[in-house]
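Please find the structures below.
The same chain A turns up in both complexes below, where it pairs with chain B and then with chain C.
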Partner chain A sequence: MRRYAAIVRNMFLESLNFRADFIFMVLGNLVGVFLAYYLWRAVYAGSGGTLHGLGFLQAFAYVAVSGCIFTMIETWAEWDLAMSISRGDIVLRLHLPLDLHLTTLVESLGIFLTRLVFTGVPFLLLIIFAFGVPVAAGINLIFFTVSLFFSFLISFNIDFIVGVTAFSFESVLGLKLIKDAVILFLSGAVIPLAFFPEALRPVLMVLPFQAMYYTPVNLLLGEKSIPESVLMLLIQAGWIAAFMTAGRLFHRKILGKLTVSGG
Partner chain B sequence: MNKKIIEATGLTRHFRVLERREGLSGAFKDLFSRNYRTVKAVDGVSFSVDRGEILGLIGPNGAGKSTTIKLLTGVLKPTAGGVTVDGFVPFSDRRRYVANIGVVLGQRSQLWWNLPVIESFKVLKEIYRVPDAVYERNLKLFNDLVDLKRHYHTPVRKLSLGQKSICDIAASFLHDPALIFLDEPTIGLDVSVKKNVRKIIRTLNRELGTTIIITTHDTGDIGNLCPRLILIDKGTIVYDGPTARFNKAFGSFRTLHLDMSDMGEDERGALEGRLAGCFPCREKISVREEGDGWVTLTLNQDEVPLLDVLNHCLKTCRVKDVKIEDISLEEVIIKSYEGALA
Partner chain C sequence: MVKRLFYYWRIYRKLTSQHIKSRMSFRADFLISVLGMLALNVSGFLSLLVLFNTIPSLGGWDYYEMLFLYGFFGLAIAPVAILFDKFWSLWSDVIWGNFINCCFKPLNTMFYYLSDTVDLKSLGSLAVSVAVFVYALPHLRVSWTALKVVCLVLMYLGSVFSFIGIRTAVSATAFWMGRNVSVMNFFSLKVEQFVRYPLTIFGKPFQIVFVFVIPYAFVAYMPVNHLLHSPDVSPEWFLTPLVGAAVFGIGCLVWSLGVRRYNGTGT
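Showing the complex of A and B:
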């Protein structure tokens, strides 16, 4: 375990190197939060308080917190993986006496943790204190933290699978952008799930994507009872198991098929 | 302990390469039916390496050196044949196996790009579970050799190529590997850094008994380091034996490049016959037109003095410029096929 922890540590240090990167990411998030705020205020302007059972602050909270989660769990793992396969740098990871899937996971984890500390938490505080989104200081915070980590694990394994398949399409960026757009939309991160048509909602609820955004946001806002919250976490855990297994299968497949030529 | 550390028999790796058709219509056809060509990158290679040996693997670009290394380091799965290294089957036992080896790729760095060098060493220490004493001893060995300390706190991306290469070699042996693979370790390095790299390799081999496999197309590496070499071309072994015998066969060969662009083509063409007449020897002096007015002569100094040939050319031809080099690897391979090493 210490070996993987050492990688997480270095990845954390490495992410800290890019000061300009950080400043722009923080600025980008700031712009995103303000955009969401004014957009949803405009949506609610003529509504008389609630739309689809959600008040303005709730709708804003869904979108803003989801955006925050996105910047934390989106670590570009698929991009790094696909690039290292197509450029052949993957051999460097294979020369280490470590599991490739786990190594990729902990590298991603290092980035996730950096984002959590330096953008995630400050922005959550901003959303809560500056915009007045009501978040209780109770067990919901623990549920949220666990759930956020679970979201990261689901997201990582989807990325891993996309990364392994993407390099053979020679359009990693395109596939990545499509994947992000689809996940953000279907998970209710862009438009809260309450706004989706009645007929569509049950479908979205059985897809894995809501577990990545809808679940942590819900748990943070503390709108569910404790048994309900635990159930939601268990469903997330189920999706982790499913995608982790799929990730392992892809991992095996890629090792057997690897062709790195030259240099 | 088994004296042989590597035993490869009939080691083979084929790649399927997509052949794209030309033009727009070809691209459309490619959407529906694809042509694959099989490239025999490594084709039935058998050899063995003793513990503590320094082996040179040479061959022109694309000969299969790197693929052979990747088969030996467990990155690639052999298409056929097998290899055991230090009791492991590299591909199937990869994780346990690579804990015993070190790999340096001249073209890629295993160090953390944005972090100070020492951070990479520390993470490798954890990954390989290197005991403190071994770690300290190995760093000290390196500090005595090349004063590595002054780079500890420099981010890798700010190191020069030479400094990076040396740090990469240091990183690959922190865990006392039984075997180190160096794939083109001196590529792009200047003479003084090359000398340092060779010094390091020799010391590692002598003091720690590390078995070392080097691929290179710098014949200087071979002559200076490896008592034995394997010459690979088109995925097969052309020569496997002592470097001394190799040097004896080729060491006295020189290539002489002459700029004869002031002369007519037929005048240049007559040169070969004239040289054969003036300098009778067992193996006649080969003359090749380079197409840009330069002519390349390859000759064996044991049979005919280089200076005599040069004098003759300067007297009888209008020569604008002269370059003298050792025999190129390509010529060596052609001559090997002709039986020069038999």
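Showing the complex of A and C:
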């Protein structure tokens, strides 16, 4: 456990190391929030105040908070893993008495925590207070925090599966592009799920992607009762378990085929 | 002059064909990357589709006008995405000293630096942009004249060169700051998302910045707005090509200042 804690700490400090990177990431998020604000203001300009049962601030909250969550949970774990595989130094990591899945997980966790502290929380406060998004202050905030971690875990485990595919073929960037496009679109992070056609929505709710963005934002806005909220968290936990099992099985299976140049 | 151009073209063809051959040896990688870019652009198109399912217009632009703007933007950035992809690795070539190769050739540094890389996966984006553009075209309420077609082509070139200029200046920051991935991401992933929408929906400060400071407005909004919303060709239409030339010039200037500042790593 101590060994893994050290990795988390290192990644936390390392991601703080590039100050210019950090400033521009924060600026980028700020621009993203403004884009969402103006875009959705224009969308609501001709409406009578609500569209599909969502008011302007709610629709804005869905998109802006989702954007915020995306910057927190996108840790490029699949990319780092794939690079490590194609360079061959994955061997060094496999030699260590550490579990590859767990090591990658805690590395990502370190990055996630830095983002959470230095961009996630400030931006959430900005969205809530500067733009006046109506957030209920109660137990829903605890639900939200838990579900944010769950979103990270779902996202990481999907990334891990994508990264491990680099053991057998080298196109992780392409897969990452497909994965991000599909997830962001189908999870309601770009357009709130309420705007999707009636026939499509039940399908979207069955897919794992809504658990990554729709669930945490919904819990933050606190529109669901406590049993419903707990159910949503359980669904998230279910998806974590599913992706984690799949990733670990896949990883074990594919490791048997590993060849490294010059090993 | 003409001879010189042919010389450059011959070199470009040689370097590029080597790069394409090496990329093509990873067939699966190529296909999946193209699919990735397709997915990215199709999801952008589908977002508009879902949005316009609910609302009739956005900032006064109807569905087809919006798609036309989206397609035009895609076409305007395609040359940079496909031919100028090496900008993304400039920072590492500056840090590791590989850039010095470009300084020893009797060729334009920017030309030589860019000429051995072609981003084939962006052909996927180009395909979607062409499709969206062609799909929206017949639905526009524009009374076409030969002059308008000529102007559209001119404005398109202006847009392309504006974008090249902006990207060149942004990438050249690597000469001063080294690792500039975050700056590149800031512009390409965040700021450039504004450009595919009608400029007027954004707040005044943003509009001013996009017209006068970083002229993103000329990459898509200005030319498309002229074409769709002014009845006839007016002098304003020619602003886009002029801005394109100016911004391209500034971009090259920033680049050459950066190169002059660069002095290798001593290896």
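Brief remarks on what is shown
FYI, the second predicted complex is superposed on the first by the 258 of 263 C-alpha atoms of A that agree within 3 Å, B and C clash if a C-alpha of one lies under 4 Å from a C-alpha of the other, contacts with A are read in each partner's own complex, and residues count from 1 in each chain.
The criterion applied here is as follows: a residue touches a chain if its C-beta (ideal position, glycine included) is under 8 Å from a C-beta of that chain, and two chains touch if they have at least 3 such contacts.
Quick caveat, the model's predicted, so the values are computed rather than measured.
When both complexes are overlaid on chain A, the residue A:L94 reaches chain B alone and has no touch with chain C. When the shared chain is aligned, chain B comes close enough to touch A:E14, but chain C does not. Counting residues of chain A touched by each partner, chain B versus chain C, the larger count belongs to C. In the superposition on chain A, A:G256 makes contact with chain B only, while chain C stays out of contact range. In the superposition on chain A, A:R2 makes contact with chain B only, while chain C stays out of contact range. The contact surfaces that chain B and chain C form on chain A in the two complexes overlap at residues 18. Residues 18, 20-25, 27-29, 31-32, 34-35, 38-39, 41-43, 45-47, 51-52, 169-171, 173-178, 180-182, 184-185, 190-191, 195-197 of chain A are the ones that touch chain C when the two sit in their complex.
Here chain B touches chain A in the complex through residues 15, 41, 62, 66-67, 70, 73-77, 94-99, 101, 103, 105-108, 110, 112-115, 119-120, 122-123, 126-129, 155, 183-184, going by the rule given at the top. In the complex of the two chains, the chain C residues touching chain A come out as 26, 28-29, 31-37, 39-40, 42-43, 46-47, 50-51, 53-59, 121, 177, 179-183, 185-186, 189-191, 193-194, 197-198, 201-203, 206.
Residues 2-3, 5-7, 9-10, 13-14, 17-18, 88-89, 91-92, 94-99, 255-256, 258-263 of chain A touch chain B in their complex.
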